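In the two complexes that follow, subunit A is the common piece, with subunit B as its partner first and subunit C second.
So, the complex of A and B:
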């Protein structure tokens, strides 16, 4: 009898150990670091004080970057949702034999380095990039448009990174929907569009919800697109952490910002699941 | 009040469906009488479901026309055909309550809220599940879910009720109950029903008319008794129930029967058939249930009966009856199903088989 109890734990222990060492321990280090004191000499002194946190909230500069991050993340989520649902729905509907290859195309970007992909946008959006070059050649404009180093470019960079996550999440959800449900809805008097609204859309909500959350959290944690494609005003919270830790080697303050971001995201995820949970979304949509 | 019933309420005319080069339904004509329950019966891939889905509007025929009440409906979209559809896996909307599921079709027919409530409640009573309106489909058992699907389909008062293997996802015991329920409900409502199944028992027990299909073509259509007792060909005889086939050459008339010579040169009396000339090759079909076994030691010959002798090589006990496999001297194994009288025969017993010539029918080879 006793054997039964520890056997699953024993079998799980390699992965539990890996998770613990790779995820829990580093986070603990960061939390501990966030209480340390940074001496003017640049030395990190072990301590337990809230100075780093106080510094973050001392004026509006740091919180405004955090708010900016949340806003950009929200915009990215909304764009991703609309741009991602359509291909996901196409994959669900298509009977084409090319479907596996088309789905492979969605995965293809993952094979190319994220940095390279982000840098490549400079060649497309830059002053002498593809778009400006074509527009100048065609005579639509006389001077290059400034398409780079603004929020639009940052969101573009985020989209190309995050869209596959959204598409795949929604597709998995759609693929689980029994096709006879739409047929039943149509036989009961729905047009194709009404059947989509009544059946397919609400039932794909778990995927939509998961995709949105994933895209939101990933956006809050990325620093490459704003760093490469953004201007000075497009800094996001991860850039700030990057600068503190790698730039000025201020580990305690960088850690404190990380902890604040982590707590905030934790709170958002919790609230999202609590109030926007799958059941809730089902109910709110099915009454319409 | 005997209203004139349309014998061709639903009519398929020269209907055909191809998927690329694969022909799912070969050009065929079929008429479904008003108020009847017609079963499309056949093995998987015989085109029965495709035929149903073309009527529902879920598949477009490659050629041919479909008529309901004499009106061509090829170009009518699904949602305007007013058909009730029942699926194998129930297809209840999992995110809607039972009430919302049943009221779904009414909502799209502009029925008022109060009427909707009334009709949905009545439909729930009809399927004997009153008071479950507020539950979610997942809270009901498979049988209950299928009854809700039935309620959802009948509440819109469809012209035709289409059922695509509605019982195959249910347990054996439940299937029997549900089959009777559908049968009773269909009689009670008098709605024209097309029932697709691969289960011969379902087809024979509830249909007014059985349409046996194979390879995209109708093999035979008729009442259950007709297709069972007067199977048109080898396939139908083999597919419905358990049949034995013996190759024979048609011989002389021997009133009231016909003589046939079997492969081992013995004579066998068969029931008369007009379209077989003496000397023609044919196949004798005998139902497993129509043959009676007896111990060879107890054998006494009766006039105008056919006899075969052999040894029991296998048997399976099925409760009320036993299925025996008897190997004849010439090597053929006959399948005999008999009720258990006293002790069942055992493997190795020498037996005789007696069969009335009336139950030996000739089929074209």
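So, the complex of A and C:
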């Protein structure tokens, strides 16, 4: 019995050491630093004060970036759900021999560089991009529409990045449903639509909510799409952190914003975990 | 019955449209890479390889490419070396605090990359160490470890304990059992984990922007820098090369594993 106990510890020790030293300790540093003072000379002074947090909430500027982030995240989640549920349902129902290949195609964007996928939207939405080119040629417009550098463009980029996560999460959930349940519902007189509404849809909810949480959390931490596809007003919280830390070297304030972001996401994940259980997310990730 | 068929047709059509939406920008990058014009956008006028030629003569990009390859390879090796034993521990043993430790090791997925970037940089700064390539590798191992764990664990669950127990009862030592039984069965998952961590590392921008110095820039960081002055056909060409590379790698890997699997009679 005793022999059994040291073995897993031995196997785990490299990864535990790595994660402890390179994740837990550094994150603790961020928390500690968020209470420090920044001298006018740029020096960081050890202290315990809430000035950095007070600064964040002092006027509407910083909270509005936070609200902006949350709004974009919410919009992305809703659109992802609308775009993702039907393809996931298609994979669940289809008898096609092409199904493995179609699924592979959904996963393909995972393998394509994120920055390329993001910047590829410039070719579509830009002033001389595909959409404007086609509209001009068809004579619908006389001057290019400005489709780029706004919130819509940012959300386009985010959707393309996050949709595969949503589709896979929903599909994993749908795939776990016993098909005899819908057959039973139909043999008891339900129409196809009723069977879907009363049986399939409720049973797919774990996947739907896991997908929503994942998309929401990933959007809240996103840096690249607002940088590349957004305008000056589309800054999100991660851009703010980067600007404060790398741009102005204000470590204490940057740390405080990081802590605010972590607390917010932590609260969301905690609430989710209480009601749904976090394992659903890992289930589909490990399938991916 | 007729309504039902039309509903299904609608679902198919909708799925098709989502595919079109998802892949149009990617296809556009590849097509525009061959646009000979100075400004890489529509309309296409002609067809040329000149941006690829220009790209192959750009020494900073080639350097960045080399950096990315080395970084990705080292990350893949270390990440699986650390992750596979941990996955073994989770699937093969029962111990106290298992759930908690598992959550802790998967946590980097849920923590925004910006925060990871700040945290590690702050720590290194406190240790009064300069940013370096080693730090970049270390950071990328932390980023990719959760994915390796998830992939290897998922595979390990499917390998029956009985095989290992049979080997042990026939007199094999635990190490022999691992080498002869577990490892060959697990090899595809280890390979997948390596491939995955390579891709994540090769692809990463946000955290790398925090950790990279001017000397050890990666390809995505380089592209990010080039984007400051609007999109050029050279970026599209680089994008096309990256798309072809990163898409063909997993497809080739998948094909090879299937071939080998068939070769061994499975």
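The rule we apply is simple: the second predicted complex is superposed on the first by the 253 of 288 C-alpha atoms of A that agree within 3 Å, B and C clash if a C-alpha of one lies under 4 Å from a C-alpha of the other, contacts with A are read in each partner's own complex, and residues count from 1 in each chain.
Here, a residue touches a chain if its C-beta (ideal position, glycine included) is under 8 Å from a C-beta of that chain, and two chains touch if they have at least 3 such contacts.
Only a predicted model underlies this, so the values are computations on that prediction, with no experimental measurement involved.
Of the two partner chains placed by the overlay, only subunit B lies in contact with A:199; subunit C stays clear of it. Residue contacts after overlaying the shared chain place A:109 against subunit C, while subunit B stays out of touching range. Judged by the touch definition given at the top, the superposed model places A:122 against subunit C, while subunit B stays out of reach.
After overlaying the two complexes on the shared chain, residue contacts for A:221 are found with subunit C alone; subunit B is out of touch. When both complexes are overlaid on chain A, the residue A:29 reaches subunit C alone and has no touch with subunit B. Looking at the superposition, the partner that touches the larger set of subunit A residues, subunit B or subunit C, turns out to be C.
Contacts of A:188 after superposition on the shared chain: subunit B is touched, whereas subunit C is not. By the touch criterion defined above, A:264 lies against neither subunit B nor subunit C after alignment on the C-alpha atoms of chain A.
Contact with subunit B, but none with subunit C, is seen for A:178 once the two complexes are overlaid on the shared chain. Residues 282, 285-286 of subunit A lie in contact with subunit B in one complex and with subunit C in the other. On subunit A, the positions that touch subunit C within their shared complex are 4-5, 7-12, 14-16, 18-19, 22-27, 29-30, 33, 83-84, 86-87, 89-90, 93, 105, 108-117, 119-124, 126, 128-130, 133, 160, 163, 192-193, 217, 220-221, 223-224, 227-228, 238, 241-242, 245-246, 251, 254-255, 258, 261-262, 265, 269, 278, 282, 285-287. Of all residues in subunit A, only 178, 180-181, 183-191, 194, 198-199, 202-203, 282-283, 285-286 touch subunit B in the complex they form. Taken in their complex, subunit B has these residues touching subunit A: 56-58, 77-81, 83-85, 87-89, 91, 93-96, 100, 104-105, 108-109, 152, 156, 162. Of all residues in subunit C, those touching subunit A in their complex are 4, 7-8, 11-12, 14-15, 18-19, 21-22, 24-26, 28-29, 32, 39-43, 81-83, 85-86, 88-90, 92-95, 101, 103-123, 125-126, 138-139, 141-142, 145, 147, 149-151, 153-154, 199, 202-203, 205-206, 209-210, 219-220, 223-224, 227, 231, 235-236, 239, 242-243, 246-247, 249-250.
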